[in-house]
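Two complexes come next, and they have one chain in common, subunit A, joined by subunit B in the first and subunit C in the second.
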Partner chain A sequence: MAEMVLATGGRRRVAWTWLGLCALAGLLILAALLRRPDLPGDPETVRRLQEALLWHSALPRIATALLAGAALGLSGALLQRVLRNPIADPSTLGIASGAQLALTVCLVAAPGLLAWSREGVAFAGGAAAVGLVIAMSWRRKLEPVSVVVAGMTISLMAAAASTALILARGEYVLSVFIWGAGSLHQQSWDGAIVIGTRLALGALAAAALMRPLTLLAVDDASARSLGVALVAVRVLVIALAVWLAASVIAQVGIIGFVGLAAPALARISGARTPSQILWRAPLVGALLLSIADSLIQVSAGSSGDLIPTGAAVGLLGGPLLLWLLPRVKTTTPPQAMLRATTPRRAHPWRMVVMLLAGGLLIGLVTLTLGRNGQGWLLAQGDLFADLLPFRAPRTLAAAAAGALLGAAGALMQRLTGNPLAGPEVLGVAAGAGVGIAVVILLVDTPGTLLLMAGSAAGALGALVFILLMGARTGFGPERMLLAGVALGCLCLAILSAVFAAGGWNTFLLLGWLAGSTDRVGGLEALLLAGATLLLLAPLPLLARWLAILPLGTPVSRALGVPVVGGRLTLSLLAALMTAIAAFFVGPLSLVGLLGPHIARLLGFGGGVAFLFASAVIGADLLMLADWLGRTIAFPYQIPVGFFAALIGGPYLIFLLQRGDARHG
Partner chain B sequence: MSALSRRTMLAFGLAACAAPGTVARAAALPRVAVIDWALLETLLAMSIVPVAAAELVLFRAVAVEPEVPASVVDLGLRGMPNFEALRMARPDIIFNSAFYTQIDPKLRLIAPVETLSIYARGGRPFTRAEEAAHGLATAVGRPEAAEPLIRQTLATLERCRADLAARPRRPVLVINLGDPRHFRVFGPDSMFGEVLTRLGLDNAWTQNTSYSASAPIGLETLARFPDADLIILPPVPPDARRLLPGSALWQALPNVRDRRTYLLGSMNPFGGLPTATRFARLLTAALLTPGGNALG
Partner chain C sequence: MQDENGAAERPLWEIDGLMMKAGEREILAPLSLSLARGKVHGLIGPNGSGKSTLLKVLARQLAPSAGSVRLEGRPLPEWRGRAFARKVAYMPQFTPAADGLSVRELVALGRYPWHGALGRFGDEDRAAVDGAIRRTGLSAFEHRQVDNLSGGERQRAWLAVMLAQDADCLLLDEPTSALDIAHQMEVLDIVRDLTLAGSGMAVIVVLHDINLAARTCDDLVALRGGRLVAQGACTDILTPETLHAIYGVPMGVMPHPVSGAPLGYVL
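And now, the complex of A and B:
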């Protein structure tokens, strides 16, 4: 009885809150409408212009904000339902980045295709991204943390590829950045009509799929026994969600995290059943985006909005993710993936030595083999001596950074028991990027030292943040991963806002983001190599912790391993390794993920040999990527981060898929 | 005078011994490499042909003039030049700007670096471009080469100003379309803004835009400038080209309706004196063509 009274009281309060929010949105819309500028000129022209502005700009913008918010809210709700994942949305699943990459590729390579159908291109990119994310996390049974970590990885890969394209074809840079920071400016009803029809169709389809969607709440076996064609329903719903998100991205660009926030707020407002959430999330999304956009319009100065709406909303994404973290259930036992994928090697160190020898060979090739205007060239004698000051530092830097990232990835994967945990998702590298962005915003032509200081401060800030977040949960590995993803999201949102402002000096930032070894000087390379040796040296001492900690807190306690201290030490070491590598050569995505996987493929099951094998493989990979990036399009250099993603991405997915039959 | 390296002196000496007269004079030019495009075009306009320069594929498409001789070696991306290609081009001096200053330490391993920045805080890019021309000419040991270029530039501007004098006095707005919904505008402190002033034209955008273009602005803001002639700089994104003619708001703009929008040829938004000349020439030709030519 008391419960029922409480429930009605709560319902009334919720109703008032809704009414209040709607009133707020309405008032802000009015304020934005009233705040339109005075126009000069003769009265007749002004009247007609004001009319055109009202009917073709102001009102469509209001409609677009509402409809895009609703479409994103529905998309997020569908994704969260079908993946049983409270932190799934078009941004965390990489749909937004995939769509943006597809649009960028088309802009550079096939502008005709883009003029023909932006929506189709965005859908293809988003669908490819979500397909990759699902493929990568399939063996983890689409468990929420893995899905989001895979989404972050895909986002970073897509960002690296976009960056390389933008660097190579600077002329269209502006369009790409405007998409990246989604802006709701409108000059016709086209956008509102397109998004509106998609939303209506999407809502109809969602209604038709309501029964199977409700049944998806139970586990797969029960759903199947109730007659749900699981795979078909999942594919359909995901396609629907991607389509909704892609139509919004194609029209107005990336609006981050509305899809994440809307279902979460709907749940807070008391929506419990799947159908309640599915109907309420679009409403919340519409209100959210409308309020945000009206605020942006009201605060706009005479030279336009202070910050694009999409970027502003995106800034909320990081904090929101952090706040949602406690709701994420981590379901899969962490040990599932840690076995070697091939029979364990009897003499692992012999293999490490062979890998080292391979590295030396690659090093020799990168130092001697290159190109000139005419063709391939094996540098000997004087030419070798001439080119050595340029080739040696970058080769050394690539090797050292690769080793750091490989070792950091191995540490992270052992510690979290999650095969998708790369050092990149710690957010440390993205933090370094934000540090550089701040320097660039404050100083017109910053020197190298200042840039490095900025990157160090950013990485350090991110590190401290992750550790603080971790400290609250006893450095639980899953929580730290998610905190890293949240921080990464926040940093990426900040970067896209900086890019949208688009000064020339954002090219500095692009160069760093793309990952580049060729700027590293001789002294810096030696410093980096020294730091690498220093950070790799303590690994043998940590072998015992690393073997025991993944077994869980009770086991570790029983065996006398300090759980919190151990986790803190290992995470700190991994984060330091990542930060130092990012500091010298930029965020080189994927090397840290790939190294440990290849090591496992080669039969390294764990222990110190596994760590060192991962490090050496990372070094080999990055040297190879660096050499290819330097020579393949001579004299034009392809950023090494792009190359690593291009070679490594497909291979990683292949690796993660492999052995499905054995484990799955 | 870091230009006169040991190798230059040696080359000069050898050439003087080997061949008389004019050949010796040509050999006296040091081998020049250049990273920044504004400096590249300024050098070319002074008939100083560098041995190597960055990102020539895009330069030929975007800056268009002056023409780059085939002998100039392409160094790859400006922000990420290929140091090996640069080393093999054996320059005696490298010209760079503050845009790409982070590669200076590496460049110094190859040859002395001379940094000349046209775009920097404090603005006045045109004045700085003149200074850069002097700086370049002096650094290659031909200080007299700058004056003709500056004279030529000022003469072109003067001619354009005279041609434009007959035109009814209307402000102009120099913009670049980002997509069908956004534009950037060049303020009075940009190179184009300074050229407008020198041509006797009023810039409709009176705020500074930190010596280049502003951040993207919604297209509806154009309604605040019904009197201004719209000068559109390329590139025009393909979807803007497709969608704008059908956009009700775009068509309602007085400047569009009265066919006062002008699409100019491609140019480098961070150029030097040759870009100033090109902008003035193309702008004058466009404004004197009745009926506009762009995206009606």
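And now, the complex of A and C:
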């Protein structure tokens, strides 16, 4: 009896909360409508203009916000259901970035295709991204953390490619950023109508798929024995979710994390069964986006919105993910741990020496071989001496940054036992970017040292934050990884808001994001090399911890290894390496993921040799990328960070796939 | 408890008023017992009786909610990590994937409590690793990758880690749960032999199967619902009344046709 009273009381409170939220949304909409700018001119024209604005801009915007929020909410709810992953949504799975990349590519290469079907292009990009994410995490049985880490990696790669295009095409595509950050400005009802029809169709399809979706709550084997055509249902539902998200992205650009927040809030409001969540999530999404957009409009200055709505909502994403973290079950199937894909090498150090020799060779080529207006040119004698001051610092910087990233990646993969963990997905690098953004915004023409200080401060802030988050769980590796991903999301949202605000010096930030070594001077290169040696030197001393900690907390504790202290030390080291390297080559290079994987492929099973091999491979890769980036598109230079990411990304996916095939 | 009166020296483990709670649920009721050196102690009881939890408390994997546990008269929290690991070796129920390590490399990790993070891996360490591999019959496999071994071999490899650790007390959590009967015997016979040589080593092993426990252990400690039901020699525990009290189902006991040892069966 008492329980029933309590339950109805709770329900009543939830109902009041809903009513309150709806009222808030309504009030804010009214406020936004009332706060429209005064127009100059004679009263009659103003009246008609105001009327036109009301009917063709303000009202469509309200409708678009509601409908887009609902569509994203439904998309997120579907994805979370089908992947059994409470932190899946179009942003964390890379769908948004994939769609954006596809649209950017089309804008540059085939504008006709865009005129024909923006939605189709966005869908293709989003579907490709989610396909890659699933392929990458298939081997880990679509375990939630791995899926999101893979999603973030794909997001970063797509972002790298988009940024490369923007850099190459200058201001022409810069408008893509503003659109990409999800501005809800409308000139007609078209957007609202398109999203509305997609939403209606999507809701119908979701209703039709409700039964199989409910059965997906049990594990695969049981669902199959109940007669669910698993693969077909999964593919259908994912396609539906991607389509919903893609139609929103094609109309208004990326609006992050509504898909993440809506189902989560629906669950908090008491939705338990899949159908309850699927019906409530769109409502919550609509309210959420509407409130956010109205707030943006109310706070807007005379020149327009301060930041695009999408970027503003994206800022919610990081904190939301962090809040959801404790609810995520991080069950790692024991068989899905890392495994060497090739037989172990008997004399690993010989191979390290060979890799080092290879590095020297690459360095020699980088220093001497180049292009000029006529063709290839081998610099000798005086020419070599003339070119050395230009070429040596950047080569050294590339090598050192690569070594740092490779070692950091190896450390993180050992520490987390997750082959998808890399310094790029740890929020530290993105934190460095936010530090740089702050410097750029505050100072007119910042010098390199100031930028470096900003980068270091940002990275340190991010690091402290991740460690604080990790401390609550005894530095459990999976949680740290997720905290890093969440922080990365938050920082990228901040960065995209800064980009959207525009201004010429955002190009400085773009330059950092791209990671270019051409601004490195001799002193900086030497400093970087020194720091690299300093950070790599203690690795042999940590070998035993690195061998034991991956075996998990129980075994480590049983052997008397200081679990918390050990993890803290190693994380700190990895984060420091990442922060320093990211300043020079940007946060996107993927070398930190690639280095350790190639080392494994070469037969390094673990231990110190593996760490050093990863570092040397990282150095070789970045030197090569730097040289190729300098020569391949001569006289233009492709920033080293991008170049590495663009080559490394596909190769990484190939590597992960290969492992997939071998181990099933 | 008899030990305290009988033996001249202190028991290895003294457990006093140990309590464990998960939220409101009591996993271990106030529990007091002591465990002697030189014996194989079996922890038995039905599912959820708290036997694994007790073992984890002894291994310092879990901190108790109340009560004290003393090892060699010293309370557990006072032991430093490596010093404790030199005394007590623990194997979790589910051993983790060994991530590409060879058997020998894995076993060598057992020497960490002795040489620490920076100490030299000396002759003594090498001898301990050799001995552990020999005693578990893994000499032929020492350069194979642990993850490629069969279940029984893998379990022996982890046992070898504990032996290399050279501890006075081994704590094993259902070391045979995933093995067939032949491999169960293989692992448990190694455990059995550890205490025979008069080394003074103690083994505490959680076992599901009452007959396997009786065959392997000197003494049994029976838990039910977090409470101590019985403690004593196998012949004292394997009586119809005691088994009924432990497992809650009517059980009978008959002599083994060959050895004559008591065998429990469900009526």
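FYI, the second predicted complex is superposed on the first by the 651 of 664 C-alpha atoms of A that agree within 3 Å, B and C clash if a C-alpha of one lies under 4 Å from a C-alpha of the other, contacts with A are read in each partner's own complex, and residues count from 1 in each chain.
Operating definition for what follows: a residue touches a chain if its C-beta (ideal position, glycine included) is under 8 Å from a C-beta of that chain, and two chains touch if they have at least 3 such contacts.
Keep in mind the model is a prediction, meaning the values are calculated, not measured.
Enquirer: Would you mind checking whether subunit B and subunit C clash or fit side by side on subunit A after the superposition?
Expert: fit
Enquirer: Does subunit B (first) or subunit C (second) touch A:P554, or do both, or does neither?
Expert: In the superposition, A:P554 touches subunit C alone.
Enquirer: To the nearest 10 degrees, give me the subunit B-subunit A-subunit C angle using C-alpha centres.
Expert: 160
Enquirer: Of the two partners subunit B and subunit C, which one touches more residues belonging to subunit A?
Expert: Ranking subunit B and subunit C by residues of subunit A touched puts B first.
Enquirer: With both complexes overlaid on chain A, does A:A531 touch subunit B (first), subunit C (second), both or neither?
Expert: The answer is neither, since A:A531 touches no partner chain.
Enquirer: Regarding the shared-chain residue A:G606, is it in contact with subunit B (first), subunit C (second), both, or neither?
Expert: Touch partner of A:G606: subunit C, not subunit B.
Enquirer: Given the touch rule stated above, what does A:L387 touch, subunit B (first), subunit C (second), both, or neither?
Expert: First partner only.
Enquirer: Determine, under the contact definition given at the top, whether A:F634 touches first (subunit B), second (subunit C), both, or neither.
Expert: first
Enquirer: For the superposed arrangement, tell me the lowest C-alpha distance between subunit B and subunit C in Å.
Expert: 43
Enquirer: Give me the intersection of subunit A's contacts with subunit B and its contacts with subunit C, in residue numbers.
Expert: Touching subunit B and subunit C on subunit A: no residues.
Enquirer: What residues on subunit A touch subunit B, complex-wise?
Expert: Touch list, subunit A to subunit B: 37, 39-41, 45-46, 48-49, 52-53, 55-58, 107, 111-112, 114-115, 118, 167-172, 174-175, 177-179, 183, 185-188, 190, 302-305, 308, 370, 372-373, 386-387, 389-391, 444-445, 447-448, 451, 500-505, 507-508, 510-511, 516, 518-519, 521, 630, 634-637, 639.
Enquirer: If we count contacts the way the header does, which residues on subunit A are in touch with subunit C in the complex?
Expert: Residues 334-335, 337-340, 344, 417, 541-542, 544-545, 547-548, 550-555, 557-562, 605-606 of subunit A touch subunit C in their complex.
Enquirer: Quick one: which bits of subunit C touch subunit A in the complex? Just the residue numbers, please.
Expert: 59-61, 80-86, 88-92, 94-102, 105, 109-110, 112-113, 116-118, 145, 147, 165
Enquirer: Write out the stretch or stretches of subunit B touching subunit A in their complex.
Expert: Within the complex, subunit B contacts subunit A at residues 58, 61-62, 73-77, 79-85, 87-88, 98-99, 101-106, 109, 117, 119-121, 176, 178-182, 184, 207, 210, 212-221, 223-224, 226-227, 235, 237-239, 241-243, 246-250, 252-254, 270.
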